[in-house]
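Chain IDs A, B and C follow the sequence of writing; residue 1 opens each chain.
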């Protein structure tokens, strides 16, 4: 963990136009939840629909994509990454630091708003908001690693990440039963299901499998990222 | 018939006035526009090109008013910006051909002209590689090529030697001189170094803080500034007095002496003086011009 | 390398200089080619052609089904093609709008254009034209394939019906005139969709030139608008507030255009949760016009600023 890199990464993410998107997206969720709560449309069904359909399916992957690619993508793009790579800092430390920043940002801009939305809709007594928040953090941990690795591996990381989130996870993941085990979404949702008894949250993959796969994916992604970063010096030397 | 003439041209941005009542004329040939960074050189070019409307005042380029005849002006001028402006994923050839077509050249003429111009600026096999892999010198050449490809009557070159090593700078200055002399294209070239423009320009316009400071033929500058800078380890004042006694015009400046060159003998007198007084000579060289000199006059 | 060149000397150009119209066409072609990655190496072609292929597949499947299974029904109604495959189209928008809209802004080459007889409106026209053309092709080609497939298989379907297979009778098979009408209206819908989507996507991309950011912004707007509208519509449905549900269609791009198609171009209303009436259709159409006009105006301002 390198504090300087962390500070620079955070400042980079929060100090630009990109930050606008990071604030606006969860704001929409919060406003919607507030309006629904205020107008009395906060039944369990509606609320879990909002938390899952908006929070987990849309907000979480989007924020994770923007953050995961944003913590390292632009630096690689404009060559700034060289400043870091020419210092005697282990590549693993660079990746780890940025990863931790990413997870922190995803938690702040996705998991936390999901939690608050849930509380707005279902009140502080329900366990549903907390279940979703935990699921969101878990999803964020995996998404963050995968998108970070993508950003190191490809200049079109955002588009590829989008194709994954939109095409794979919603279209194919929904139709082919077996592939449900290969979706970061469903791993997160199975944890949510595990943590709450709410009837409107039902996922059929097993939690244990999901957690194992999630952990595995995270580690593989981070490993790939470190590996690629080490060879990056040669590829982008001008 | 001046190629450029401005009348009380003023450009005010919130917080800074880039140009203040600038009235200047530029004749055909190679003209230098000199000023410190932020003096308003780039702003002036932008206004003349019609990229930016002035706050007040007017100007004419090649006989066309910048407000009413902007399109006609842009058909006949070329522009080489000071900053990075090239896409990295196309080759120089592709890019220059595209720019030629944007200037109205038909496709085949564009290809021919692009090939010619790239050769003239000195890009050979590298012209087929993506621009992203070029050195600074090569990029400057591409920028110059796209400014010339459509055979303009006047080109605006903004800091063309920026970022170049001494050899690259020489090459570029040579090119500019050729553009003016051989190609027959008028040039307005900016720089913050007066010294290098001396070599290529017929005329120099100096602006400072958005105002016109001076506009003269280059010859008048170089005459007055034939100076030598002499630096000795110790005994500067003694040397100064010694040289003055021998009839040289000497001025103390910082750690050095500035001696006016009155002829071949000046060098000998200085050398003899240093030897006679048993001093350690660090350097004796042509004084480089600095903008400040003009301000001191 | 010396610049002393053994050459024939500089030659002036006395040939023709083309007018604005032709320069505009050259710029349009340049942008269209850049969109599909032509002349930029293999990597740039993958995404556009892959997406185009994915969008073509269902149409081909439709024709195959007609020919093999002798089924006269369209797999997806021609008019609803764009609406039905919105995720793919959305990805196309997100991935390629930055390629068209913000390349020159990102590389700061806009002044090189504007110091030539090319101005901000030329930029807007060429880019809007190119991107809209691409979208029309992207959706229009599959739709036309389905139409042509119908024309080609119609006689064999009639034969099959006469021999007693598949349907009740020959009357069940749609007429050429009817289907041609459907096809024309579907294309009208495709054009409207292309105009609305491309102008707005270009606008968003032009204001987010940093790589990847434009992609994320376009998709974010699409997804968020869809999900919010979906939620509100779901609730309205539960409460029986059909009007609210129908009006909500106007707030997300694909629903907006499809509502206009349903209300004014006689498209099937089935895919939409709540059916829009003529008033909503006209309002939707007005909204489309405003979106296009507003986006193009803002785009013009953005390019003008980038040229200074």
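Definition applied: contacts are C-beta pairs under 8 Å (C-beta built on N, C-alpha and C of every residue); 3 or more make two chains touch, one makes a residue touch a chain.
The shown structure was predicted, so the numbers you read here are calculated from the model rather than taken from an experiment.
Centroid distances built from C-alpha atoms place B farthest away from chain A.
Relative to the centroid of every protein C-alpha atom shown, the closest chain centre, again from C-alpha atoms, is found for C.
Chains B-C form the pair with the most C-beta pairs in contact.
Annotation: 30 Å between the Cα-based centres of chain A and chain C.
If you average the Cα atoms of chain A and of chain B, the two centres end up 52 Å apart. A straight line joining the Cα centres of chain B and chain C is 49 Å long. Of all residues in chain B, those touching chain C in their complex are 46, 49-52, 71, 74-75, 77-79, 81, 83-90, 94, 98-99, 101-107, 109, 113, 116, 119-122, 124, 146, 150-151, 156, 171, 174-175, 178, 182-184. Taken together, the chain C residues at the contact with chain B in this complex read 1-3, 5, 7, 9-13, 15-19, 22-23, 26-27, 30, 39-41, 103-104, 107-109, 111-118, 307-308.
On the chain A side of its complex with chain C, the touching residues are 16-18, 21, 25, 28, 32, 36, 41, 46, 49-50, 53-54, 57-58, 62, 65-66, 69-70, 73-74, 77, 155-159, 162-163, 166-167, 170-171. Across the complex, chain A is touched by residues 47, 87-88, 90-91, 94-95, 208, 210-213, 215-217, 219-220, 223-224, 227-228, 230-231, 234-235 of chain C.
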